[in-house]
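You will see two complexes here that share chain A, one where it goes with chain B and one where it goes with chain C.
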Partner chain A sequence: MTNAWVIATIVAVIAGVVGFFVVLRGSAFPAHAIPNGAFAGAAGANLLGANTLVGLGVFSLLAALGIGRLGRRGRHDVATALALVVMLALGAAFLSRSSEYEPVIYSLLFGEVLGVSSTEIFPVAVLGLVCIAAVIFLYRPLMLSSVVPEIAEARGVRADRMEMAFLVVLAAATTITVPVVGALLIFSLMIGPPAAARSFTDRPPLAILLSVGIALVTVWAAIASSYESNWPIGFFVGAIGAFSYAVGRGWAAWRRAA
Partner chain B sequence: MTDAPRPPNDGGEILAVDGVSVSLAGRQILDDVTFRVGTGEFTGLIGSNGAGKTTLLRVILGLQRPAAGEVRMLDQPRGRRNRSIGYVPQKVLLDPDMPMRARDLVALGIDGHRFGFPMPSKARRAAVDEMLRAVAADGFADARVGNLSGGEQQRVLIAHALISRPRLLLLDEPLANLDPGNREEIIGLLRRIATEQHIAIVLSAHEINPLLPVMDRIVYIAAGRAASGTTDEVVRTEVLSALYGHHVDVIHVHGRVLVVGGPGESGEADIPADPACRVG
Partner chain C sequence: MHWVFEPGFFSSQPVHVAVVVGGVVAVVSGVVGVFTVVRGQSFAGHTLTDVSTAGGSGAFLLGLNPLLGFVGIGVVGAGTMDLIGVQRVRGRDLATGIVLGAATGLAALFLYLDTTERATTGATQQILFGDIFIVDPSTIPVVVIFSVIALGAVAAIYRPLLLSSMSSDIAAAQGVPVRLVGLLFMLALAVSVGLSSLAIGSILSTALLIGPAATALRLTRRVGSAMVVASVIGVGATWLGVLLAYDSFYWGSSQQSLPVSFFIVMVTFALYLASGLPVVQTVTGRRASDRPTEEEPRSPHS
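On to the complex of A and B.
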């Protein structure tokens, strides 16, 4: 049970930080597609009897590179949709070959925090630190490129390189978070808390901290609720994430009216 | 036409555009464009929509490689010019939901291209405050930048561009979508910045009249070609007719300029869209 809390806390911090840029850049669709790539990777690793985390990492990285590469010459949403479809199809194929069908697919899609073993904590923590370090390193140019891409280009910050770098960070974040909250619902953790945070503050660094805070509360509450009710943790993550966003919008509306 | 007399506040030339030609997808956008910009000078880059103004600005910024010719910042070694040019692009869309105050966007202008997280400091804050005051944006420094009006956002973007202390400031159609009052204020602000801070300003616009009182130099673009000099030298019937490749009349009415296409020409599209001036 301690493992669950530790790993969920790491996941919340990563999702809160990376999610801030997902929302800022309007990258919600890639944030949905890459976890599905990760899902295929996990299914494939499971089939081969390999480490799930490696499968997750390799496939989310492939999805990120594919989206970044294809999106450069054409429409980003089309490239993302195609990556999503290919990954889902692969995931379905891998799962159909696998003997342990139901529990695996269920936990990959909807999350399984209570099954986390202590050996998984170390790699997840390391990858999490790498993720945070990458965001801190990229902070200024990523911010500039997200907010005023034409000016960033003029100052030598190339939008396509920033996009690729960010997608790779997103892939790393996905690798960490998918086993806990699931491929289908990780998306809610990367969108709900940062979107809610935007309603409460006008300062970017504060919005990131707030986003992490809301993600932590969301995940902790989700674990507790899931443990008590025996409902999937993903349900609670999705519901609480959406609820926090609604509260944020309500707060913003109330503040405007006041 | 390229050798205009230098205005009195000139402290030397800062930008040289020499014989620049650009073709995009087989279509010639710019054809042998040559002009100079002096320190602290206000240059109007005038031409109708699609004349090649944005492409020319992109060439100056180093974002578009010319097929022929070259652009040089005269205080910099060849090939290095990004850092000393400030840029305010056309139609910047700032998301109203974005958690960013006007002052945060200005601060990004200091060193937004560098890696790492910016450490807050008194010096940074002072620099941002000073710049916000310089563009008269201190009144809405702490407001969400996406919620500001077009004219207010324009001021914030100018402050963002100026805070890195460039020698040259490029603005792409900054007056489009502004009402006449705001337009006057932005023009006055830019004129002051050019004179007081000795920053050369190149501003693109499709309307010539609002800029007539402030321009030291005009670069008039039509059909990919350019004529430069003082307004009196360039905005003349014979110069613009040669530029357009057909006869146009330059008419002066009550201190305003009207450029009218010749009879039988389908030249209406080439003429600077200047509805206010046509009515007058």
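On to the complex of A and C.
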């Protein structure tokens, strides 16, 4: 149980920080596509008997590079959609070839936080630190190119390079978080809390802190309710995420009216 | 011919059903998909597929026909997205994302209950990845009715929809109820996605919606002819997928077939990549300097 709390806390911090930029840049679709691609990687790794974390990493990186590459020529949302379905189709093919039981597929898609072992914590913590360090390192140019891309270009920050760098950070964050909350629900954690945080404050550093805070509360509450009710953690993450966004929207509307 | 069509392909009833359902669904997805790509609503389209996952698993839980679940909850999801602001370009990404997050949460719960309460195995796999070979023949009339509804809706609002997709400002100035047209289109999209969820599974129906349409818009700029091309590509990819999946049972020694949806996606993606080749672009009269419709919907302003 302690393992679950530790790992969920790491996941929440990463999702809160990276998610802030996802919301700021309007990258919700790639943030949804990359974890789904990673799911295919996990299925492939299962089939080959390789380490799941390696499969997740390779495929989420492939998805990130694919989206960046295809997006250069076609429309961005089309590129993302196509990269997403190709990855998922590979996942479906891998699954049909392997003799995995349904609960394994289910936990990859929807998360299995209570089954985390203590040996899994170390690599996740290291990758998490790398992720946070990358965001700190990229903070100023990333912020500039997300908010005012024209000024960023004029100062020599290339939008396409920034996009690629951000997609890679997203891929790293995905690799860490998918085994815990699942491919489909890491997305909720990256969107709900930061979106809510942005309705409360306009100041970026404060919004990031708030976003991490809401993500932590979401995950902790989700684990506790999941433990009590035996229902999947993913359901609670999704529901609390949407709820916090609704509260944020309500707060913003109330403040405008007042 | 037997090395192309493995034994029993033409006499197999599941194959007949798959060819009919797959063909109908591919036409609807092609027509609706062209507008989805032109309007830049791929994300909304994909979200509706995940929303319909929740519907499909919910229907499974209640013992209803999965198609009713797929389509029914899709319509609710489309309405919710419209309500919390899909029509504004800024913020629609977020509105879509929130609906997507909530829907996947629900899907998680329903699938969990499916496997525990009803002790059914295979629900997760079947709803998410679909299996066109086990579609019940009695579903065909329902599929056709929903397809006619979706196509009829697009046909009825064709001109105002086209105008508001190109420039919502001009459409509004001409008296087009832009919001209403957008909502009607989202509903048609929800029905279309529900249909393809049945055929190739909710997670992969995005492929049939976006792939053929994006390819067609690289080959022709006219929306009308793009719809025809997209439908043809979609039907071709689906039938080829059915054939390959059927044949794959005989490949190697494993005696295990690969999923139909896998082949449909791969064929669609290969065609999309091929349509971007310089040779194809020259043949169809599109030069590199031409900004295709797919890149940017042309606004009458410029």
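In this section, the second predicted complex is superposed on the first by the 258 of 258 C-alpha atoms of A that agree within 3 Å, B and C clash if a C-alpha of one lies under 4 Å from a C-alpha of the other, contacts with A are read in each partner's own complex, and residues count from 1 in each chain.
We adopt the following convention: a contact is a pair of C-beta atoms (placed from the backbone, for glycine too) under 8 Å apart; a residue touches a chain by one contact, two chains touch by 3 or more.
Values in this document were obtained by computation on a predicted structure and should not be read as measured data.
Student: In the superposed model on chain A, is it clash or fit for chain B and chain C?
Tutor: Aligned on chain A, chain B and chain C fit with no clash.
Student: Which of the two partners, first being chain B and second being chain C, lies in contact with A:Glu153: first, second, both, or neither?
Tutor: first
Student: For A:Gly192 in the superposed arrangement: first (chain B), second (chain C), both or neither?
Tutor: Second partner only.
Student: Examine A:Leu95 and indicate which partner it touches, taking first as chain B and second as chain C; both and neither are also allowed.
Tutor: In the superposition, A:Leu95 touches chain C alone.
Student: Once the structures are superposed on A, label A:Ala15 by its partner contacts, choosing first (chain B), second (chain C), both or neither.
Tutor: So A:Ala15 meets neither chain B nor chain C here.
Student: Could you tell me if A:Asp202 is touching chain B, chain C, both of them or neither one (first, second, both, neither)?
Tutor: After superposing on A, A:Asp202 lies in contact with chain B but is clear of chain C.
Student: Quick one: name whichever of chain B and chain C touches more residues of chain A.
Tutor: With both complexes superposed on chain A, more residues of chain A are touched by C.
Student: May I ask you to decide whether A:Ala42 touches chain B, chain C, both, or neither, giving the answer as first, second, both or neither?
Tutor: It touches nothing on chain B or chain C.
Student: What is the minimum C-alpha distance, in Å, between chain B and chain C after the two complexes are superposed on chain A?
Tutor: It comes out at 5 Å between the closest C-alpha atoms.
Student: If I apply the document's touch criterion, which positions on chain A are contacted by chain B in one structure and by chain C in the other?
Tutor: Looking at chain A, the two contact sets are disjoint.
Student: Once bound in the complex, which stretches of chain A touch chain C?
Tutor: Residues of chain A touching chain C: 23, 26, 28-29, 31-32, 36, 73-75, 77-78, 80-82, 84-86, 88-90, 92-93, 95-97, 102-103, 105-106, 109-111, 182, 184-185, 187-188, 191-192, 195, 231-232, 234-239, 241-242, 245, 249.
Student: State the interface residues of chain C toward chain A in the complex, per the touch definition above.
Tutor: The touching residues are 37, 40-43, 45-46, 50, 84, 90, 93-94, 96-98, 100-109, 111-112, 115, 121-122, 124-125, 128-129, 201, 203-204, 206-207, 210-211, 214, 218, 254, 256-259, 261-262, 264-266, 268-269, 272, 276, 294-296.
Student: Spell out the residues on chain A that touch chain B in their complex, using ranges where they run on.
Tutor: Going by the criterion above, the answer is residues 24, 136-141, 143-144, 147-148, 150-157, 197-198, 201-204, 206-207.
Student: So in the complex, the part of chain B that touches chain A is made up of which residues?
Tutor: Those residues of chain B that touch chain A are 61, 63, 82-83, 85, 87-89, 92, 94, 97-101, 104-105, 108, 111-118, 142-144, 157, 160-161.
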